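Per-chain residue numbering starts at 1, and chain names A, B, C, D, E, F and G are given in the order in which the chains are listed.
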Amino acid sequence: MDYSILDYSILIAQILLILSFILVSIRLIIGPTLSDRILCLDLLVTLGIGFIAVFAIKTKQYAYIDVAIALGLIGFLATVAFARYVLWQGQNQLKLDEAHRANSRDDKT
Amino acid sequence: MLLAVLSGFILAMFAPSLKHFFGYRAGWLLAILPAAIFVYFLSQYDQVMANKAIFEYHPWIPSIGINLTFYLDGISLLFALLISGIGTFIMIYAGGYLKGHVHLGRFYAFMLMFMASMLGVVLSSNLMALFVFWELTSVTSFLLIGFDHLRKAARRAALQALIVTGFGGLAMLAGFVILSASTGTFEMVDLLQYGNAIKDMDLYFVVLILILLGAFTKSAQFPFHFWLPNAMEAPTPVSAYLHSATMVKAGIYLMMRMYPILGDTVEWSIILGAFGGFTLLAGVFIAIRQTDLKLMLAYTTMASLGLLTMLLGAGGEGAIEGAVLYLLAHSLFKGGLFMVAGTIYHEAGTLDITKLGGLWAKMPITFVAAMLAALSMGGILPLVGFVAKESLYHALISGDPLALILLVVAIIGNAFMFAIGFAVALKPMLGKIGDTPKAAQEGSIMLWLGPLTLGLCGLAAGFGITYLGQSIIHNAISSIGNANAGTNLHLWAGFNTPLMLSLLTMALGAIIYMLFDRMRNFADAVLNWIGWGPDKGFDQFMAGLLYLSQIVTNRLQTGQLRSYLRSTFILLALVIWLPMIAYDAFPTIDFGALTIPTFSEAGILTVAVIGLYAILVARSRLTSIVSLGVVGFAVAMLFMLFGAPDLSYTQFMVETLSVVILALVMTRLHLDKADQKTGLEAVVATVVAVAVGSGLTLLLLKVMETQLDMKLSDFFIKFSATLAHGHNIVNVILVDFRALDTLGEISVVMTTGVVILALINLRPKGQNKAKNKPENASENAPKNAPKTLEESGQ
Amino acid sequence: MRIFTLHIVLSLAWAAIAGNFSLLNLAVGFVFGFLAIWLVREQLGAPLYFRKSRKIIALTLLFIYELVLSTIKVAILVIKPKLDFAPGIIAFPLTAKSDIEITLLANLITLTPGTLSVDVSDDKKTLYVHAIDATDPEAMIADIANGFEKKVMEVFD
Amino acid sequence: MIFEIIISILIVVGTLFCFIGALGVLRFQDVYVRMHAASKAGTLGAGLLLIAVAVAAAELGLITRSIAGVIFLVLTTPVSTHLLARASVIAGVKTCKQTIINKIDGKYTEDGKILYSQDQA
Amino acid sequence: MVDPTILSQAMKTTPTLLADWNIIMPMLIPLVFAAGSLMLRGKDKWQMPMAIVAVLLSLFGAANLFLDILYLGPQSLTLSGWLAPYGISFTADALSALFVLVASLVTLLILMYSPADVDKAAIKSGYYTLVLMLLVGVNGSFLTGDIFNLYVWFEVMLISSFGLLILGGEKIQLDGAVKYAFLNLLGTTFFLIATGLLYGITGTLNFAHLFTQVANSEAEGTLAILSLMFLFAFAIKAAAFPMYFWLPAAYHTPRVAVSAIFAGLLTKVGVYALIRIFTVVFPEGNGAAFEIFGILGGLTVIVGGIGAIAQTELRRMLAYLLMSGVGILMIGISIHTDLALAATVQYAVHSMLVMTGLYLLSGVIGRMAGSFEIAKIGGIVMQNHYVAIAFFGLALAVSGLPPFSGLWPKYMMVQAAFMNDNYWLIAAILIGSFLTIAAVGRASIQMIWRGGDVDTPDGQYEARGQRLGAKQLRVMMLPIAIIFMLSFALGIMPESLIRQANLAAYDILNIAPYVKSTLGG
Amino acid sequence: MEFYLAILVGLIFAASTYMLLSRSVIRLVLGVALLGNAVNLLIFTVGRVTRHIPPIIPLDLQGELTGIANPLPQALILTAIVIGFAIFSFILVLAYRAYESLGTDNSDEMRVAEPKKTELTKLTY
Amino acid sequence: MNTVIFRTIAPALTALMVLFSLFVLLRGHNEPGGGFIGGLIAASAMALYGISSGVQAVRRALYFHPITMAGFGVLLAAASGIPSYINQVPFLSGIWWKLPLGNGQYFDLSTPMIFDIGVWFVVVGAITAIMLTLEEAD
């Protein structure tokens, strides 16, 4: 079976994307702040869009593209929601610190 | 007969209104019913005499073979007559005794229900029908003992009676079930045909014990006797009727009935002899210690029941004859004595024998009634009690060593009863006038009519014993013993051994009577030295039950969600692993034949695993949530890799919305810092988690080894476009092939909306959410964030 | 905006006439609609519409160019073994006034070389920008002001 | 064939950008710098891959949808990046030690609700 | 258009008449009305009448269905017109029809009681909607002939019960709800897992089809594990030992009408599911399932009885009694003879009615005494002797004493156990009964008879709590009186119910008509 | 490939179980979310996985359609996902309200419905 | 989140999402999508709008209470089974109508489509209700 340029590039693409996933996941574990992790999730979604695109080209199942488009539109919502949490934490820092002196280290740096 | 039984229940419903209209005089009216029933049974007398038995069948629950089959033979007739006859006088007596009581109507209702149930017990041939009526007597007895319910003692006594007789009843039920299931019939009449077959059954002994448990608890045999004296908390008419004349005899009735079916075996004789004998001795011994008239009577009742049981244990025609006679005598004299005691209490205000005296002049009729009863109880000529005693001595003399022991016991017991009977009847009546709370005077006719009539009946029965012996007593005995017994009973049988023994008894009794106070002190000392009795035992049992219950419950129901979840998961692991081991249902994994995942598949799997790891190790909950997003992402990607775009799509959307809601909620929580498990907890959790996870993996792999039948999916693929006009098969399944699932599912979603709205909006008073929300709530949310632990003052 | 609405209506009308609401048909309708509006541009005051369209295209091209450039710069930074840069948050004084302008500008800044919009001050006078290389803030501010900001304001003037 | 080459180039370049974004996120010192990598490289990479689909499918519906996808990405990414950066600043996520200038420092009120411009106190 | 021969391979071609719709009505009517009640959100006055109408109509539908089945045997309708097993079938036999009937009746009674117990805030928050949805879930579960669809109805039931549980938002409710929610959620999830795996072996979801597929399957070991997983999952639902934790943790926390509806309906659906799965899917019990049923059932009876004795809170005591009753039902399934199953069905009907009645009554008593703590309740008979009579009657019923409905199924169960040589089960049933008698007896004397709370001096009566208004009392007592009369009637004239139960048992044991009604042929 | 999916299913189940054995109700909620993922993946695997080809019939299909993914489990999972999401939302909000009302997210301290008894009840009549 | 950038762009994105959700809803029968997914997207749109512009803005925009929409959805879905009654086929059977649009074209209306629209309403309504209530909870 011969492989075309396209096949090779798809292979390279998939390898790179998977490596990217893993790199991002590593950062997700390392953190160190919640913002870092949220960023990782956000990037993961963007990478996912790319992955779906490559996959659709590879399999010629273009139905999958709809998923990628929806992700492009909706995916950022999770980041927005998380950002809101971080913001809330920042805005309530004093209150939080007062309430639990011991606790604030937990969810942020 | 059906009407005879049911009429009591029906009239019971109207008793309160009758009382409402006629006051205490309703007693006279209500007495008409038992009187009519008495007359009815009397009218059946000839037929019973002629045909041995009347059988009446009413279908009830034919599909399980339970019917109202009434069976009127000698013994039931005797009991029915006693129940209705004494019942008549009790109704009248109660009117006098409880005159002015607010709940007299209720009392009548209970009494009538009891009477009806009791008639049901003695008339039923069907074991289950008998059981039903039997339990009804327990229930009504509970209500009657607790009639004076504001008193703790009454409540306790009622509960005690319920628990003890309830226990016996359940045992008896088991016995009946075994008996009927083994023989295929519920009908006593049929059981009688089995002869010795039942006694040869493997389960004979079990059946015997179970049925005897029912009889013993009901008839207050040691060690189940304690509820009976406590039942004296009930108003006296109850004591007289239920706890001496009738209900406690239900056990005796049952043993008499069972005698031909289960009786006359070694087990039977030993058990009944031993328990009956011991109950007799214990009864009289405790009775003598009492100073309360009713309690003395109660313990002698127990003793008499012991005597009856003992006689049934001894078996043989003579003993049965003695038992039947004694039963008749006892019902008459004990019912009378109780009513006398009640009258004394009603008039004098106390039952303390040490305080009573010299009432005979004030209450002459009552005195006569008391004397008649006491003479009968003492077994003195010419009352029926005498005949009974003669008869039982006669029966016991002739027997084997066991019978001789029983004879001695009987003599001692009778001697005591002689003494106590006179003590009860004479002490309050004779001597000097005691210092009583109320100045006594003769009670109304309602109070003395009953005891006097019963006393006179005892007298009449004594004189008419020869006639009775040839008629009703004969019939009663023959329906138990199947013989010609009782035909030659005479009030005066000449000077024979029983008479000698009677004289001996009386002599002993007289001595005891004279030494009464000393005997009482002795009994007191002995019982105090023992210091424990089943009555105390009951409290200990209840407290123990309560204790055990709390220990068990607290152990199982810890109140901690974590322990519940732990148990649940451990069970899940067991549910998977145990049968897998038992059936050797492990999957066979051929590692060589595994398809190698593509690079993308492997990569996504890796991402999922990293996500899982991140969730588990995360110190903060928010990090876990973000990592959860990663796992969800990976799962969505897997769906996509394996041809499920709709799933992937939905998974992404749901994941996003979950995160939105999670973050929304998290902004309202001020959480404690890291909540990692302690070392041991972590180990346990890990072990359980690994067991659950690996078990499910193995199970899943095992399932995958089978060939999947694709019939359903093939159908969907085939008809999706052609008949359902849709090309996205998954969607067609959702909105057409399996639209009902979807309908249910949107119902869930809709309901969840309602529920969450309720959950957030609905707060207990004082916690209502703030009104007038500002425009941009998102910025304001933190301002109103929930109070923290410290702020709320916890 | 009014004309854009008309444009959409025309596309829909096309689809209705054709009896086919497929995407393709709508796109065809859009193109034809464009032509139709162009025909009557005088009456509608549409020249502006077309001029703006041109400017939007110009801005888009600039954006794409900058996006590619910025990515390459990041790529170089990423690949360089040594992470030696001097990031910082600088304050960009806004000339743009309307919300839409500010928004567009901020987003463009985020997507282009070495800069990332952090926040706009409440009086809308300052845009705080995080820069990977903050060694010369003045030059960067000038760059943005003459580049994106100018083009953005042209679109909306 | 020419299409295939174009697609291949788009794919390889796109994924390279994606990879660079990921690498940047892993390597860079603080969250703000990492955001640069994520927002730019990610958007461009994924965008190119979507365009590759448009080319590969060569079907109008898919082309328009792919382009819509790119537009969505371009519209949303800066917004989420901005919100996260802002939140991080307010939450006090520290900049790395190489940071040479921080004009926003002290410009937020203590509760993080008002941001002053440069010329305000 | 479409070739009729192809059509007949896929779809039902005979016309579906109104009578065929009977089978979905008990589910569909409350669903439509529940959705409608949301449309009328804010019109609180409409909620109660709508709910009553909905339940009356469902009851009517259920009665129609019941009669149909009585005369025609099991009925089936495959929804969306596809042939079984491809579409989802609703299949009803005597068992389901009887349960649907009783469930609808119980719901009606609770709705009658509700005005006295449910405040405006709860109505605003959708009390009636949730009750209707619960009935949807319950009736759906009883009627469906498809295992995945059963899961869906379980979820409908679950979420509605969550909602009802937290109406009020009090601390105790939230705490109870947390435990209830997690444990029940696990139960449902395990059910889903088992369903998925079962599909993996058999390739089907339709009960009737599963019957044939499982019978032909060779994966015995796997099926045995699955049967236990189903047992486990439904045992959680049914609150059997040792998976019952959620029940005593939660059933005393919501308002009384809600406890009553839970007591009447929820655990019984678990039992129904057990019966269904273990007659249609695993008729042989596959593996040790029936033995385990027996062990769990026996222990449930005893642990329930023991637990009831210790409880100081009336409603918690009832929770344990409820649980004990579930044990009896499990024993019935374990023995699995016609007698035992008839007893099970009968006991289930009895328990649905009586436990509902007891919970409703606990509301009256709690209101009268101002507390649910048994130690603080007293003098009920002095306040109102109808309440006392009702309590005694229902206490007798739950103890299995005559003249109420509990006796016969218990007796039949003992008989069945004996005939199956399960002596220890007889012991368990009797010990359980004994403990129940002790528990309710003790509660009765303290609450009904004692003059006041536990410190009231001997012989005195001290009224506590609030006097209920005559009207309110009438509203509350009417459904209780109906239950009392029903239980009494079933106690003294059990023949008709026993016949139905026998019929149901016959349908359970003779699955062929059920299968035939679904799959045809 | 099913082998690896089965392993992953097991791992997610294990992680979910581990989370569900925590004290913090929020962690329990996350455990529930994981559990949902595990179950969905389990049903997916059990329906036998096929690479790439989604169960969508091409509009221009000629002849038989083969090799497509099994659509039924997908439909079931879709239903399960949505139900799972609904229940998850409920549980989450419940946890929040419980925290708000009871002042803790530690399930060990949630003892209002089943208060800790210090002494045993005495026998009374 | 009251930043100029977000506030300005969010309404546009919301509109885009709603449009997209309808697109996904209507083509679900033949391509990936359908009532659920469409509903989830629309619910996301509402969430975005709520986060950026506040709960009241969403409530005003929807006019009906979202939970009423959910109820309507269930009613619609259930009602889509009613034509089956008239056609004497079992509940929820698919029935197709071709609505003439003139010039020989037809619009395909079917009960499964109505059903799916019901699903869309339920998902949008319930999830929006949940999020809005959560958002404005004290």
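The rule is simple: a residue touches a chain if its C-beta (ideal position, glycine included) is under 8 Å from a C-beta of that chain, and two chains touch if they have at least 3 such contacts.
Small disclaimer: the values here were computed from a predicted structure and weren't measured.
Common neighbours of subunit A and subunit E, listed by label, are B, F, G.
Identification of common neighbours of subunit B and subunit E yields F, G. Counting C-beta pairs in contact across A-B and across C-G shows that the higher total falls to A-B.
Averaging Cα atoms per chain gives one point for each, and the point farthest from that of subunit B is the centre of C. Comparing chain C-alpha centroids with the centroid of the full set of protein C-alpha atoms picks out E as the closest. Distance between chain centres (mean CA atoms), subunit D to subunit G: 31 Å. Separating the CA-averaged centres of subunit C and subunit E is a span of 63 Å.
Computed centre separation for the pair subunit C/subunit D is 15 angstrom, with centres defined by C-alpha atoms.
The distance from the centre of subunit A to the centre of subunit G, with each centre set as the mean of the Cα atoms, comes to 28 Å. Contacts with at least two other chains are made by residues 16, 21, 23, 35, 43, 45, 65, 72, 75-79, 81-83, 86, 89, 113 of subunit D.
For subunit C, the set of residues touching two or more other chains reads 106-107, 117, 119-120, 124. Among all residues of subunit B, those that touch two or more other chains are 152, 155-156, 159, 542, 546, 550, 557, 559, 561, 565, 602, 621, 641, 643, 645-646, 649-650, 653-654, 656-657, 660-662, 664-666, 668, 671-672, 696, 700, 703-704, 708, 710, 712, 716, 727-728, 734, 736-743, 745, 747-750, 752, 754-757, 759-761, 778-779, 781, 786, 789.
Every pair of chains meeting the contact definition is listed here: A-B, A-D, A-F, A-G, B-E, B-F, B-G, C-D, C-G, D-G, E-F, E-G, F-G. By the touch criterion given at the top, residues 598-600, 602-604, 606-607, 610-611, 613-614, 617, 619-623, 626-627, 629-630, 633, 636-637, 640-641, 643, 645, 648-649, 652-653, 655-657, 659-660, 662-664, 666-667, 670-674, 778, 781-782, 785, 788-791 of subunit B touch subunit A in their complex. Subunit G contributes residues 1, 6, 13, 16-17, 20, 24, 31-33, 37, 41, 44, 47-48, 51 to its touches with subunit A in the complex. Those residues of subunit G that touch subunit D in the complex are listed here as 1, 3, 5-6, 9-10, 12-13, 16. The touching residues of subunit F, when paired with subunit E in their complex, are 20, 25, 28, 32, 35-36, 39, 42-43, 46-47, 72-73, 76, 79-80, 83, 86-87, 90-91, 94-95, 97-98, 101-102, 107, 110-114, 121, 124-125.
In the complex of the two chains, the subunit G residues touching subunit E come out as 65, 67-68, 70-75, 78, 81, 84-85, 88-94.
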